[in-house]
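What follows is one structure encoded as structure tokens, with my remarks underneath.
Chain naming follows the written order as A, B, C, D, E and F, and within any one chain the residues start at number 1.
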Amino acid sequence: MKKVEVVIDSIYLSRVLDVLEKAGVSGYTVIKDALGKGERGIMAGDELTDVFKNSYVFTVCSEEVAYKITEEVRPLLKKVGGACLVSDVLWLMH
Amino acid sequence: MKKVEVVIDSIYLSRVLDVLEKAGVSGYTVIKDALGKGERGIMAGDELTDVFKNSYVFTVCSEEVAYKITEEVRPLLKKVGGACLVSDVLWLMH
Amino acid sequence: MKKVEVVIDSIYLSRVLDVLEKAGVSGYTVIKDALGKGERGIMAGDELTDVFKNSYVFTVCSEEVAYKITEEVRPLLKKVGGACLVSDVLWLMH
Amino acid sequence: MGFDLILQNILNPPVLMFLLGLGAVLLKTELEVPQPLPKLFSLYLLIAIGLHGGYELSKSGIALEVLKVLILAVFMAVLVPIYAFFILRLKLDIYNAVAISATYGSISAVTFITAGSFLNNLGESYGGYMVAAMTLMESPAIVIGLILLTLFAKRENNSRVNWGEVLREAFLNPSVYVLMGTLLIGFLTGEKGWKAMEPLFGVLFKGMLAFFLLDMGIVAGRRIGDIKKVGTFLLAFGVLLPVFNALVGIFLAKTFGFAKGDAFMFSILCASASYIAVPAAMRLSVPEANPSLYVTMALAITFPFNIAVGIPLYYFVINHLWG
Amino acid sequence: MGFDLILQNILNPPVLMFLLGLGAVLLKTELEVPQPLPKLFSLYLLIAIGLHGGYELSKSGIALEVLKVLILAVFMAVLVPIYAFFILRLKLDIYNAVAISATYGSISAVTFITAGSFLNNLGESYGGYMVAAMTLMESPAIVIGLILLTLFAKRENNSRVNWGEVLREAFLNPSVYVLMGTLLIGFLTGEKGWKAMEPLFGVLFKGMLAFFLLDMGIVAGRRIGDIKKVGTFLLAFGVLLPVFNALVGIFLAKTFGFAKGDAFMFSILCASASYIAVPAAMRLSVPEANPSLYVTMALAITFPFNIAVGIPLYYFVINHLWG
Amino acid sequence: MGFDLILQNILNPPVLMFLLGLGAVLLKTELEVPQPLPKLFSLYLLIAIGLHGGYELSKSGIALEVLKVLILAVFMAVLVPIYAFFILRLKLDIYNAVAISATYGSISAVTFITAGSFLNNLGESYGGYMVAAMTLMESPAIVIGLILLTLFAKRENNSRVNWGEVLREAFLNPSVYVLMGTLLIGFLTGEKGWKAMEPLFGVLFKGMLAFFLLDMGIVAGRRIGDIKKVGTFLLAFGVLLPVFNALVGIFLAKTFGFAKGDAFMFSILCASASYIAVPAAMRLSVPEANPSLYVTMALAITFPFNIAVGIPLYYFVINHLWG
């Protein structure tokens, strides 16, 4: 299976989740507060405005679903910034 | 080395940690508050009851230990839900 | 690309970030509060002194940069403890 | 009936704040009271009623009548989950029946507190030992529930009830511990202690309650969507059982000659359902049960019902009987 | 001019706490007021002015003059972002011009509150309906901004404005909702309700404001580094536009015969810029704009300016005109 | 000795809340006061004593006698870590000796505050400048510790002390900064300022202290398990050194003619050990030292000892000498 990880400005988290849903993942895990640094500068977390804070999401899915996700996420990242990683994992069936 | 990641309802975190200890890992890292969605529906984090919140754990260990863990974790996940991932990583000796 | 993950006592986070900057990463993501256990015992998070708390950082970078980082991080980990993982990931260009 | 009572109850900042929180979710505003603020407020409220109850006890002393109240409290905490269980079995599997009956056998401190300030607004009061009664009523239902489980459910070994864990969850859960501890502290430090604590834990009480109920409204609102899943049977159960429990409580209170205020608070304790202590315990020991049933019922059905309708209703009845 | 006024304004715990927070960042101490404590304080302050404003309204009743104030408030909330936009277009691209003008068209509750306690220290007061006015002034600028955007910007389809999302962000953002709700609650529960809430939401008010301003100082301080990036034009804009807006506000207040206290609070509303509601909305609907411009201007330039200089300055002018 | 004093000290809500927190851990309840609430309370307490101390100073003015107190305060802050170091070297390696001696050279604000409310309950008081003295005593031990380190430890280059970092940690750590800042604010705004802040930062003080001590009890309880590792030598050290320091402090206070209340607070400052500022600094600059030694000693041994026994004990002695 593939593990797709996305880091994005918290305010756009819901959009990423929509993408995942549409792509048909079986589930996902979110860590709401992540800080970071990238092209768009430091995201140090702004207590007041929440404007400079990231969220981290990962989902485990099949290769095709992963492909769908990346295709959908790319334009979003291009517009609002963020990061997306794909790697191989073993999913423990239960 | 193998990286074993587990997402599970916070209330069962201690059980997963017991499994890791028994399997004989050299250590583990926990991120207490994780939200998510899966077969059992949305875990959006319930301020009051803490009932709908996940925790995220990962440990780096040898292949055999990883195997032990998965065997122990599978029945738990079957019963209370959650996710378990295994992947390959390089562990920096120090 | 390589994904380099570091878990370290929160108090040394800034030092790890300096290492990343110097190594010339394009960015990094930080999750400030992580608990854990390792050779140096349990890091259960001490509300008062913040002394027993970890932070988690990951960065995606080229193999060379990853090598630079590990060389710089190793002595730090030797001195103050922590964990460093390296794995292969696919970085979604945008 | 005393429709003005209902109005008078609703036209209180705390209750209105609850509705405000509810509305915030229904209107999809992003209003939230992020963790750990709700923990701060609930901890504050527990400490406050504990200290004050203990102080009241230090004045009144522990009379025989107090024991009477405490014994009846435990009695109800044991009785309710039992009959609740058999009612629920008509429609539900054992696991959910156990979880839900335990939920209704236990109590909700916030309902108790809101009722207290309602009474207070009418210029009436209740004995400090009622807080002790509440504390005693929190845990038994958990044990009863698990006894019912072991009696009726046949599970494979690996999921046998871990009684050690259960009893700890039941009798050493944070709220029980804090209530018992602060009751004791309030009792030991008496007048002098209360004078020192009153500015924070007495004077600000109603404001803090209102603040907390705003959050309760939000949390309850988030569960309202799940009410559909609950189904009409459980919906009816979540409204009618509290009323029935309250009436049983009132009957006992009358026959055993409770004071009016105590009778009212006792009926509230019988009527309320737990959405913190019990769900936590059930998750651990009855994972087969579905939390979005028992949490939703306690939080999104019974709690709002008691806050808005139950409190004035039970008072109305008691007012007639005690005159 | 009334230099003593400035001093008298600065020598107040709240303002000094703001400077203390500012200094904490400049001196690189690790002082912080971690989340969600700032949320606790801002929520507290919103509830407090809402409840108190509603209570005041319940006493004064809603006269015609109140309507006059409210209409003028909305008028300014619509007018300001329009002229601000065209000024900004002299130097900026459409996207940033829209975001910044919306920021200045809206208001800052904390500036309003600080001004209120300044007035208060002078033994003067303002009408409870000014809180309603503030609430009405929070959202329109967002809509105006996006109308300007759709009029002047030609964007590819996939980034057309999602009006549903925008209107929700504008009119159902948490602060607007809480203010409206608590105004209503304060109004409905009147004297009795306020008496119950006053110990928490009235008596502690100034202390909580001071506590919150400490955090505001820290947050503003963190942005000070970005002022360089903002450039002289926007720096000047961030200081001069508020003054201009205030004067326009004062002019209107005079011609329409506002009471002195109301005129002062109105000028503050016109002068202040939003650093919470509007930035959130702009991030969603105008991602092309650079938040480290509009957030920095509202938070690190205009807010401190108003707190330290604006408040006494506007009061000084009004004092002359109203005598 | 004044056993009744000990009782009178323990039978206070704050101290009992500390024990309640301790018990919560020992009984394995899941009670916790989650972050950042402890930060809220400690910040509140620092601001409160700062503002109040500054206000007191604005009334008393800064007399020569004040300087005397401040100088002796710094003197003790320098002296204690030095003799502590040589005592510790009898059994410990240099790194741990440095870290522990620095810990005991510095102070614990909460111990100071608890002692203050103890004094207060006896109807006595202390000078506002004692808060300034406390502030001055927080940092020097860190510097002394690192000087001892550079003198006696031979480390490879890459771990040479980074003095810039050290001095910042020492003199610009949050608590020192907040205390100094609020002292100044309290001093500048005087009567008028305090009147505005008193409802939050004065009236609620004892209640907030009690709330915070509940958390302190929990945190201390978590460390109790590590006391084994600490060993008998350090255990004895953690109890006896504070007493010795207090006696030295009392001796100095007597010879230099301190007022009774000041002498008591001074002895507390000498006796208390730091579990926040110093550990943070030591972690950064002496990573070779084991935090589960110095944190445990300050938090789980010396702090509880001072709170329960030290405070009445030192007072008992002083009461005899000052009569």
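The working rule: a residue touches a chain if its C-beta (ideal position, glycine included) is under 8 Å from a C-beta of that chain, and two chains touch if they have at least 3 such contacts.
In this text the structure is predicted, and so the values were computed from the model without any measurement.
A.B. asks: Touching both subunit C and subunit F: give me those chains, sorted by label.
C.D. replies: Touches both subunit C and subunit F: nothing.
A.B. asks: Between E-F and A-B, which chain pair shares more contacting C-beta pairs?
C.D. replies: E-F
A.B. asks: If you take the mean of the Cα atoms for each chain, which one ends up farthest from subunit B?
C.D. replies: Taking each chain's C-alpha mean as its centre, the farthest from subunit B is E.
A.B. asks: What's the call on subunit B versus subunit C, same or different interface residues, using the half cut on shared numbers?
C.D. replies: Different residues, largely: of all residue numbers at this interface, under half are found in both copies.
A.B. asks: Among the chains, which is located farthest from subunit D on the basis of C-alpha centroids?
C.D. replies: Using the mean of the C-alpha atoms as each chain's centre, the farthest one from subunit D is C.
A.B. asks: Roughly how far is subunit B from subunit D, centre to centre by C-alpha average, rounded to an integer in Å?
C.D. replies: Measuring from centre to centre gives 34 Å for this pair.
A.B. asks: Hey, how far is the Cα centre of subunit A from the one of subunit D, in Å?
C.D. replies: Roughly 40 Å separates the two chain centres.
A.B. asks: Let me have the rounded angstrom distance from the C-alpha centre of subunit C over to the C-alpha centre of subunit D, please.
C.D. replies: Taking the average C-alpha coordinate of subunit C and of subunit D, the gap between them is 46 Å.
A.B. asks: So which bits of subunit F are touching at least two other chains?
C.D. replies: 33-36, 39-40, 204
A.B. asks: Listing for subunit C: what residues touch at least two other chains?
C.D. replies: 31, 75, 87-88
A.B. asks: Determine which chains touch and list them pairwise.
C.D. replies: All chain pairs meeting the touch criterion are A-B, A-C, A-E, B-C, B-D, C-F, D-E, D-F, E-F.
A.B. asks: Contact residues on subunit D for subunit B in the complex?
C.D. replies: 33-35, 38-39, 42, 158-159, 215-216, 219, 222, 275-276, 279-280, 283-284, 287, 291-292, 295, 299
A.B. asks: Would you pull the subunit A residues touching subunit B in the complex into a rising list?
C.D. replies: Residues in contact with subunit B: 3, 26-32, 60, 87-94.
A.B. asks: Taking the touch rule as given, give the residues of subunit E at its contact with subunit D in the complex, in rising order.
C.D. replies: 35-36, 39-40, 43-44, 47, 51, 168, 172-174, 177-178, 181-182, 185, 188-189, 193, 196-197, 199-201, 204
A.B. asks: Of all residues in subunit B, which touch subunit D in the complex?
C.D. replies: 9, 11, 41, 44-52, 75, 79-80
A.B. asks: Mind pulling up the subunit F residues that touch subunit D in the complex?
C.D. replies: Going by the criterion above, the answer is residues 11-13, 16-17, 20, 23-24, 27-37, 40, 121, 203-204, 206-208, 210-211, 214.
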